[in-house]
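Both of the next two complexes hold chain A, though its partner changes from chain B to chain C.
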Partner chain A sequence: MAYTVRKFDAVIVGAGGAGLRAAIQLSESGYKTAVITKVFPTRSHTVAAQGGVAASLGNSEEDHWHWHMYDTVKGSDWLGDQDAIEFMCRKANECVIELEHYGMPFDRTDAGKIYQRPFGGHMSNFGEKPVRRSCAAADRTGHAMLHAMYQRNVKANTQFFVEWMALDLVRDSEGEVLGVTAMDMETGEIVVFQAKATIFATGGSGRIYYSSTNAFINTGDGLGMAARAGIPLEDMEFWQFHPTGVAGAGVLITEGVRGEGGILRNAQGERFMERYAPNAKDLASRDVVSRAMVTEINEGRGCGPNKDFVLLDITHLDPATIMKRLPGIREIAIQFAGVDCIKEPIPVVPTCHYQMGGIPTNYSGQVVVPGKRSQNEIVPGFYAAGECACASVHGANRLGTNSLLDLLVFGKSAGETAVETLKQSPKAHKDLPQGEIDRALARVNRLNTQTGGTNVHETRLDMQRTMQKHAGVFRFADLLQQGVDKIKQVEEQVRQTEIKDKSMVFNTARIEALELDNLIEVAVSTMVSAEARKESRGAHVRSDCADSAEFPDGRNDKDWLKHSLWYKEGNRLDYKSVKLTPLTVETIALKKRAY
Partner chain B sequence: MDDARQVRMGKLRWHCRRALLELDIVFQRFWSEVGDNLDDATLDVMENLLAEEDHDLWELVSGRRQSEDPQTQALLTRLRAA
Partner chain C sequence: MTTRTLQFKIYRYDPDKDQKPYMQDISVEVDSTDRKLLDALVKLKAVDDAIAFRRSCREGVCGSDALNINGKNGLACLTDLSSFPEGKPIVLRPLPGLPVIRDLIVDMTQFFKQYHSIKPYLINNDPPPERERLQSPEDREELDGLYECILCACCSTSCPSFWWNPDKFVGPAGLLAAYRFIADTRDQATSERLDNLEDPYRLFRCHTIMNCVDVCPKGLNPTLAIGKIKAMMVKRAI
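Then we have the complex of A and B:
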């Protein structure tokens, strides 16, 4: 199979927030930078982020990065690395103000400063009371952010390769990353993007679940490529779920619906939250509500022919209130649930929302793996940032508005580190190892020649249903054990996917097959890591690791205060220590996470 | 289907991959229903519609905002009904 080679100083895969921020750093430093992206940059999933970006600017009331750091460590259930968390919280103000200077239209106070609003989990004075820390641009924060950064990149001459699908990393025998192979969707042409710095900013992988709020583009391409190149995936058992996604579609029904009086009911019409949270009822925290919903479904009290969802009922509310206070909800219910929520309840299930784990990095954005000298040896030439990376700042659970901050801070940091490394690197590129290029070509070739294989759509559905049932928001030892076997069977199916249409030009079926190769790596890593972690922590909650005097909330710091590392080769797990020592301040000591 | 049309259709289908899940689902349902049976005039309207930003597109598709162009409005009605 023919291919060409193009040389750059840096190649970035993904043009969402993290990729665009990294690219600014490189292009403005004068380095020849390519950005490869499946979709036009301003159509990346960062667009969906509405809540805002956290920074302790203190524009509305007193705030401090140290308080933000405390909230983030606590939110992470102490699994986050405290050096990276300190780094992120200290850099937040600088990154937000830079964005303001790029032209980001933040909401303003009367005095002209960036307006800040409160957001769940963000508190002042080490957990004392809520603080206004989130900076937003109406309900289009992610969208405005992408536009500001895309324009800046255009000005800095970043070269965009739009509608290109990255195939595989090129990594030599010494472990150095030398670029990435990619396919132009419009022509089918394959190009090796040879680079001295390769940055992955490919976003999340939420499409491994049947019910997911993630757009279809979130297929974990960076994670799949990293895993195939021998890089472990970190903390993949930790996924944040939202309690109320429309059953069968995943589209989010905002928490505001329950705030306005929405009630969750089971098949008997019972308001079941009264049993699980007698005081807060339907307004209990996300994890409590999600677990209650799963318990109802698992115990046979779910609704519908398969008894696999519960109902969110707002039929008792005044229709005028629904239209005024919950704009858009009626359209969503009609469009995606086929019900008019004024007259009928909405079918809902806990829905996958955000991936806390990913490609292991340090706070400089460098990819790190265990080696002979340390647990965190740098992989030369390879960087990652944003949802695809695990720095790890979110640990076992992410705070709202920290995701946009993560991609700004670590996008910039990865770019800065790459610039510094490029300054020291020799002028010439290293030779490309042919075997690595062949590895990428073989995946494309297999799809061209496979006959009698499996159907991509059906196999993806098998994977998604397996993940939803066996490694969902509430986990059970027996289901996890069965899930490991089942997902390995699905993996075998993925190895034999067949596409009927072999054409090379804008062949969506081919792209979906290549994406499934990536999704399955994420799915297997999630299932195996989740089955192995015998505790409850943050978003990973097991029925057999419940609250006890010895292990409050099921968290077992004695045995499990460590990061999981899943390797594709041998489907094996390794572990590394959590960094409990921050950069300049005292360790935020372990304690029970209570709000 | 001739090559040029096949390329055009493939490109349009890919441009229906959006930043918002809501739009992905609406377009997926639409394509499952219409297959390749769209006339050239509708393809023109579709191309223009897909050039919208995602939030604006969702406002149109969800019916919160109307298009002033009757052909676009007709396509939006089909999208919603799919």
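Then we have the complex of A and C:
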């Protein structure tokens, strides 16, 4: 199969928030940079983020990055690396202010400053009471942010390869990453993007689940490529189920709705969160709220004819506030729930939303893997940022608004580190290993020639239903064990997918088949990591690891205060320690999590 | 679960094998969980994997799945299946006026070229302050109805002026973006932005036909924004 080689200083895969932020850094430093993206940049899924981005600007009341750090560590159920968390919370103000300077249309306070609203798990004074920390542009913060960053890249003349799909990493025998192979979706042409720095910003992979807030394009392409190149995936058992997806449709309703005063009610009209989180109530951490909702439904207090959802009520809010602060939510409620939320509550259920795990990195955005010398040896030439990466700032559960912050801080950090490394790197590119390129071509070749194979649509549904049933909000030992066998069977089917469409021109059937190759790596890593972790922590809660005197809330710090690492080769697990030492402040000491 | 059959007429063209485009008659079973046109398209693709269309967020914010639906531009993910009359096939074509790459996928190069031509980024040459640039809530409100554009191209590809002169007329989406920066109190390039639009085509080919307003899936009003730019042009000329 024919291919050509193009040389760049840096190649970025993905043009969502993290990719665009990294691209700004590289383009403005004058390095020849290619950004490869499956969709036009402003169609990336960052566009769907609603409620805001966290930064302790203190525009409405006193706030401090150290409080934000405390909340993030607590939110992570102590699985987050405290050095990376301190780094992120300290950088938040700078990164949000930069966005404002790029032109992002934030809402404003009466004093003209960036508007901030309360959000789940964000508290002042080390967990005391809710604080306004989420910087928002109405309920379209992700859209406003993504467009502002794309616009900044237009100004910086960044070179985009739009509607190109990255196929595989090119990694040589010494482990150094030398670029990626990619396909032009319009023509089927294959190009090796040779680069001294390769940055993955490929986003999440929520499409492994049947019911998800994620876009169709969120197929874990970066994770699949990394896994096939021998890079382990970290903490894949931790998936966030957002409390408020529209029942049936899965479309996201921002936590900002509760930040503005929205209340969750069961069939009796009761504000049930008062029982589960007496202090933070509806603004407790997402994993806590989602479990409370599922418990209400399981105990027969769900709403509707099948008692299978709860209600998100904002009918008590001033309609003017809804129109000003939550206009997009009203549109979504009308479009996807068939209700006008000014007059009627919105039916909602916990829905798969965010992957806390990913490609392991340090806080400089460099990909790190266990090696002979340390648990975190740098993979030369390889960086990752945003949802595809695991720095790890979210640990076992992410706080709302920390995802947009993550992609800003670590997109920038990965870009800065790449720039510094490029300054010291030799002029010439290293030689490309032919075998690695052939590996990518072999996947495409197989699809072009496969006959009598499995159907992509059906196989993907099998995977999604397996994940939904066996690795959901609550987890059970027997279901997880069965899930491991089942997902391995689905994996066999994925190896034999067949497409009827063999056209070279914009062949979306082929793209979906290639995406499924990536999704299945994520699904297997999730199921295997979840089955193995014999404790409850953050979003991973097992019925056989319940609350006890020895292990409050089922969390077992003695045996499980460690990161999982799943390797595709041999389908094996390894573990590494959590970084409990921050950069400058004292460790946030372990304690039971309560809201 | 109740199911029903939907009939479609879909524009098909794969330059790799087709001599010329044709309309394909095809039907698909949908059930009560399929609410939107995009749900039906995804089911259609499970029947015939060669049908090519763009889609991503499926909630009307990414702007990928703009199509010409029964003669009118709109997003597949925001079009209710219940809005279609019973017994008549649903006619799907690619957005008009742009080159077709394949099936329902158009080449949007010209559309984005016009968007890029208006310098769609904030221009402010003062050294950036330590903190945010201040903007009053009232000044910020001027951006409402402008910044929410999702670049789906429903508007520009329903505009006869854009059909005639896609290379010279900026089109409603680009002009809405131009006014978004003109209206921003933080932007310092108003005069330069007006200069950039001062010719017989770029702005003035808008004849207030208002197809753009009629089709915008986000309820935006490019004609109003264009009118404001025209008024500023007139004001500075006298």
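Everything that follows uses one rule, which is that the second predicted complex is superposed on the first by the 489 of 595 C-alpha atoms of A that agree within 3 Å, B and C clash if a C-alpha of one lies under 4 Å from a C-alpha of the other, contacts with A are read in each partner's own complex, and residues count from 1 in each chain.
Operating definition for what follows: a residue touches a chain if its C-beta (ideal position, glycine included) is under 8 Å from a C-beta of that chain, and two chains touch if they have at least 3 such contacts.
Keep in mind that this is a model prediction, so the values were computed, not measured.
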item	value
Room on chain A for both chain B and chain C (clash or fit)	clash
First, second, both or neither for A:186, with chain B first and chain C second	both
Partner chain(s) touched by A:53 [first = chain B, second = chain C, both, neither]	neither
Which of chain B and chain C A:151 touches, first, second, both or neither	second
Which of chain B and chain C A:43 touches, first, second, both or neither	both
First (chain B), second (chain C), both or neither touched by A:251	both
Partner chain(s) touched by A:500 [first = chain B, second = chain C, both, neither]	second
Touching partner for A:226 - first (chain B), second (chain C), both, neither	neither
Contact residues common to both interfaces of chain A (with chain B and with chain C)	39, 42-45, 47-48, 140, 143, 186, 215-217, 249, 251, 328, 331-332, 335-336, 503, 505-508
Chain A contact footprint on chain B (complex, rising order)	6-7, 10-11, 13-14, 17-22, 24-26, 28, 53-55, 62-64, 80
Chain C residues within the chain A interface of the complex	14-17, 33, 35, 45-46, 48-50, 52-64, 78, 101-103, 105, 108, 112, 116, 119-122, 124, 128, 130-137, 139-140, 143, 147-148, 150-151, 181, 184, 186-187
Chain B-touching residues of chain A, taken from the complex the two chains share	38-39, 42-48, 140, 143, 163, 185-186, 212-217, 249-251, 327-328, 331-332, 335-336, 503, 505-508, 511
Chain A residues within the chain C interface of the complex	39-40, 42-45, 47-48, 97, 100-103, 105-114, 137, 140, 143-144, 147-148, 151-152, 154-155, 186, 215-217, 248-249, 251-252, 328, 331-332, 335-336, 455-458, 499-501, 503-509, 512
